[in-house]
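Structures follow.
In what follows, chain A forms one complex with chain B and a second complex with chain C.
Let's turn to the complex of A and B:
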């Protein structure tokens, strides 16, 4: 099965049919929950990265802020993926042809890989052992990735 | 000048990957902003 066939299947699947048929379900369980998850995920990323940059909560150890924010990040990530799959299934063919959808997916995959393979391993343990400029560079890169996910996601709605 | 030799493996990986991400992001958004400017010029002259 090639990628386009998969998207066609997704749109005709149970999930896709529910989303297409019942606008209220799409709006409530899709969009509203997706936006709520986005707020939690974006908030956790902002709090952690701004703390790592030394902009906010400077009276709280960065290890504490990063750990606590990461817990909410994981919860939000699961919710955002589940609701995103539901929403995309309903308009799968349109998503397949949308360059901003693919940009968002690329950024999302990069973000997930960056968090779990680069950022978390780096920030485990005491941050005093890490060069401050390395922490700041990582925080800026993280902000860039998640801004791109959010912006391209919103851009999907404004594209053809 | 930054002393890269004193960094641990994890720090080096973080620096390289962050630099790649920032570079790719800058290029991507540069092209997107350019495309929007061209669209606005087409629409409004």
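Let's turn to the complex of A and C:
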């Protein structure tokens, strides 16, 4: 099955039909829950990255902050992807043809790859062993990537 | 009361700057985007404070310390939310004042604010005795849980303001029309 057929199928699936038919369900379980997950995800990224940059909570070990923030990041990521799939399914064809949707998917993939292949492996152990500039660069990169995900996401909304 | 609110809203609507914001190509969208994305800062920080009180994160770090450290970035976030929120209201005052979701959101915001004040006072008074425990005492855990619930409501009702399912030009039951601020012409 090619990509376009998959999007067509998604729109006509049960999930897509629910989202299309019931605007209230779409707005609460789709959009509002997606925004809630955004608050959790953004919060976990900000708490960790601002600590790594030495802006907040300087008297709490950065290992603890990064570790704990990552736990909630994962929870938020699952929720945000589930709600995102629900929203996209209802308007799948339009999303297939939207350059903003694909920009966001690219940013999201980059973010996920960055967190699980670079940031997390780097920060799992003791932070004393890592050069400070590496830590700060990681934090700045993380903030830029996730801000891009959020911005491209909002842009989808403007591109009706 | 509703008639008076509508009058004020209509007057705001008639001012030049209100028209400039709503009719501008980019400005309204920038203000709205800032309002939505700043939620990551304001509620993100508050979330971690509430989670700590409930023992769900960083529970080997003093709860009072976490609350005090995250307080400033949280308040900066809320300041931005407040300013952008005010501007959004100012750009579409009539639509917003007569939105049932907006009214419920303001009620929830007020409750969340009061809850936060009460919480902060109780935490400051008793914090030294339990700050290194994994969880805060029951009454403060209830406050933290209420905070989470109220803010979930704020996010949801905030999103729903954009939908006009229950706006005054619809066929509404009398009580709903009154709560939403509809004025008979």
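Heads up, the rule we're going with is that the second predicted complex is superposed on the first by the 159 of 160 C-alpha atoms of A that agree within 3 Å, B and C clash if a C-alpha of one lies under 4 Å from a C-alpha of the other, contacts with A are read in each partner's own complex, and residues count from 1 in each chain.
By definition in this document, contacts are C-beta pairs under 8 Å (C-beta built on N, C-alpha and C of every residue); 3 or more make two chains touch, one makes a residue touch a chain.
Because the structure is a prediction, the values reported are computed rather than measured.
Undergrad: Quick one: classify A:59 as touching chain B (first), chain C (second), both or neither.
TA: It touches chain C, and chain B stays clear.
Undergrad: Decide which partner touches more residues of chain A, taking chain B and chain C as the two options.
TA: C
Undergrad: Check whether A:96 is in contact with chain B, with chain C, with both or with neither, and answer first, second, both or neither.
TA: After superposition on chain A, A:96 lies in contact with neither partner.
Undergrad: Does chain B (first) or chain C (second) touch A:122, or do both, or does neither?
TA: first
Undergrad: So in the superposed three-chain picture, is A:140 touching just chain B, just chain C, both, or none of them (first/second/both/neither)?
TA: Only chain B; A:140 stays clear of chain C.
Undergrad: Show which residues of chain C lie in contact with chain A when the two form their complex.
TA: Within the complex, chain C touches chain A at residues 29, 33, 36-37, 39-41, 43-45, 47-48, 51, 57-58, 60-61, 65-66, 69-70, 72-73, 152, 155-156, 159-160, 163, 165.
Undergrad: Considering the complex alone, what residue numbers of chain A touch chain C?
TA: Those in contact with chain C are residues 23-24, 27-28, 31-32, 35-36, 38-47, 50, 55-57, 59-60, 64-65, 68-69, 71-72, 147, 150-151, 154, 158.
Undergrad: Contact residues on chain B for chain A in the complex?
TA: 2, 6-7, 10-11, 13-15, 17-19, 21-22, 25, 28-29
Undergrad: Report the residues of chain A in contact with chain B in the complex, numbered from low to high.
TA: Counting only chain A, the residues touching chain B are 103, 110, 114, 118-119, 121-122, 130-131, 133-134, 137-138, 140-141, 144-145, 148.
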